[in-house]
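Each chain carries a letter (A, B and C) given by its place in the written order, and its residues are counted from 1.
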Amino acid sequence: MIRRSLNTILILLCLAVQASAADANELFNTLRRKIFSVQDYTADVKMRISVKYMRIPQLAGTLYFKSPDKMRLERHGGLSILPRKNINLTIRNLIPAGNATVIDAGEAQIGGKKTRIIKVIPEDDKSDLVLAKIWVDETSMVALRIETATRNEGTLTMDLEYGRYISNGLPDKLLLTLDVKDFRMPKGMTMDYTESRPDEALKDTKGKKGTIQITYLSYKINTGLSDKIFTPEASEP
Amino acid sequence: MKQLLQIELFKIFRRPRTYISFGIVTAITFVIQLAMLTDGKSYMSFALQGVNEQFDIHGNMINGYFITYIILQTLLIQIPLLVALVAGDTLAGEATLGTLRLLLTKPISRNQLILAKFMSSFIYTVLLVIWLAIVALGLSVLIFGRGDMVNIKSDTFILILQNDVLWRYAAAFCFAMLAMTTIASLSILLSVFADNSIGPIISTMGIVVVLTILSNLDLPLFNHIKPYIFTTHMIGWKGFFDDPVPVRQIGISALVLIVYTVAFAGTTLLVFNKKDIKS
Amino acid sequence: MASPILEVRSLTKSFNQFKAVDDLSFAINKGAVYGFLGQNGAGKSTTMRMLMGLIFPDSGSIIINGSSFSNSQRQLLRNIGAIIERPDMYGYLSGWENLKIFAALSGKNIKTTRLHEVIEMVGLKGREKDKVKAYSQGMKQRLGIAIATVHEPDLLILDEPTNGLDPQGIAEIRQLILSLSKDHGKTILVSSHLLHEIEQVATDIIIIHKGKKMIEAPVGELLRPDDTRIEITLQPAPGLQQSIYQTSWAQYSPEIIDGVLTIKMNPAHIPALNKWLVVQGIEVSGITTQHSFEAYFLNITHETTAADRTV
């Protein structure tokens, strides 16, 4: 009796793990399909970059994105500043594109919403991305938070809020927290008047973290953007 | 008094040396603009090494606003010489020329004369800074266009939106006028002690150079006296390009400069009123 | 007795240990031309600078028109014109501009016609638009006088106005001073280190030596013609000493030493004496005259020079 019960429990447990693995995989693939369905977008944005050694006011501009990894901020005569390399400001680049192992890591509440956490480990050894931990709102099928560990860029956290474009999996608001290195010029060169004060927004961040906050005002999705838009020359008059 | 001031201004602006200053400002501005036109990109990428590692910055960074800042930074070390060229000459030059003798045999008080010299030097200084604003800011914007302004401090990268720049320059030029007035005041003071104009001009420059070095040396010994040296506060104009603008610090700097200016002027009056004119 | 326009009482000024002016007192009467004589460095310029408020005296007082100079300097300076040492002006400006500037500062409202008038008076008409740096020394002196007189002051203080001028320039300035005194009624204090320059224009003479006043007297008193010392170089004439003493020339106490006849009398008598000598068959090879005051002045000068040499 006991043995049978134990067996039943073991089978049920195995089934459960298998089922949850299958569920997690399914969840990841569904989410990925939704995110990858956006081939390009043009969005009017407001961007706030908070890095310890940078003092940048809120930037308004148009953000162009084209899959897989092209991104440009157009500031209409102003300067455009974007993080370099992999730290692109779109969720698409934080999600492994190829085969990956997906593990269910339980549930958690984010902003009062119930989410399922999945851990994704890319099978590609050369990928910079080592691990992605995704908090998925299963009802809307969107990621509310992603934490990634990379080989070269440290850790990265992206928090997302959705509104009008939730059906496309595109956020209205995005907060990226990233690692930044320090910056220093020889003092004699610049002849500073005063020491700089740290950004108010960074008061709470420990160590050398920076944040980039983007508010998306509107999107135009899948309009077939030309590659030309993304060449650096296009932005320089 | 009005007449005395008119005469002082007439004398200043009838002398070729006065226009040399305006010419030098123009020439240095041109040189920097030319250098930026040819080498601006490499200058910028050198300055932005640290930032460029992590951020992609695109757009017209080497614009008129950025270049004006570079020009100001460079020129505000040379302009004291140009101010001294005229202010240091106001009394000593007349002593050399012998006209101070004739001037003081006229029924004008020495206080009035000094005041007129101060005011005329001040007007000259203001005009010189306005001219600097025209050639540095006006011409640079004309050549390099407008754009968001990048300001690089030793530990900070500051971006100022283009529609947020002009008021800062207006304030910075006003502050520069104050700083240069302090220099003019110092020159006139030194001018009282000399019977030739080279002395006060060289001494003014010497004092400015030595104190500027003191202000910029990062040694604990000097850190205590730095707040009391006027050259430390002469770069207060840079504060207007910081974020947030250190209003309190700029106010203190302006106050220090005003105190120095008044002290120099007061000492000038005191010394000159007791001075035997032997030249 | 005319009232003094300028009075100096016990004026003293030292520079470090050197006493430039030592207890100097004198008074200048209205309408007179005072010659202020002394060696270079005797204290003339220092005194004149104190009179104009350029140098502050250590002690003593200056009274002009009855008011203390130190109390109402600005008011009193309106009524004084001066050239102190060199007539230095703004070389990069024209003579006209210089005149205009200093006229504007004179404290009086001066019309353009007056500027033309003084330019004409000092003989700079036609050259007034030239830059002063192109002027000769004489032209600068004349412009200096124009500046000193443009506001029609009663008192003129002229410090060595003929310094650095050629003989013609000296004569011109002398004429100008005489005209200012006679035609314009100015009271003038004019300094010089040369007696013969002053004696032709001055009504009174003040001699200052090492900061102290030596003599203050009218020219007529100091330069009485009777006090002229006349030296006549003669052929050797034994017995002349005796024969001259038998004539009326004896009243002038003639003396003959080494063939030189020295006699103190009015130079007007020279032709008569010369005639008498010729009648006596004595040939005259030279006549020099020197006023005893001139001799006295030269003596002071010489003494100082000698003293300077030993130092």
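Here is the rule we go by: a residue touches a chain if its C-beta (ideal position, glycine included) is under 8 Å from a C-beta of that chain, and two chains touch if they have at least 3 such contacts.
What you are looking at is a predicted structure, and each value in this text was computed from that prediction instead of being measured.
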Target subunit C, source subunit B, minimum contact steps: 1
Per Cα centroids, the chain farthest from subunit A: C
Centroid spacing, where centroids are CA-atom means, of subunit B and subunit C in whole angstrom: 52
Approximate Å spacing (C-alpha centroids) for the pair subunit A, subunit C: 101
Computed distance of Cα centres, subunit B from subunit A, in Å: 49
Sequence positions of subunit A contacting 2 or more other chains: none
Interfacial residue positions of subunit A with respect to subunit B in the complex: 53-57, 59, 72, 75, 77-84, 180-197, 232, 235-237
Residues on subunit B engaged by subunit C in the complex (per definition of touch): 3-4, 7, 10-11, 14-16, 97-99, 101-109, 274, 276-278
Subunit B partner contacts - residues on subunit C that touch it in the complex: 15, 49, 52-56, 73-78, 80, 82, 84-93, 97, 101-102, 104-107, 147
Residues on subunit B engaged by subunit A in the complex (per definition of touch): 47, 50-61, 73, 145-148, 150, 152-162, 164, 216, 218, 235-239, 242-244, 246, 249
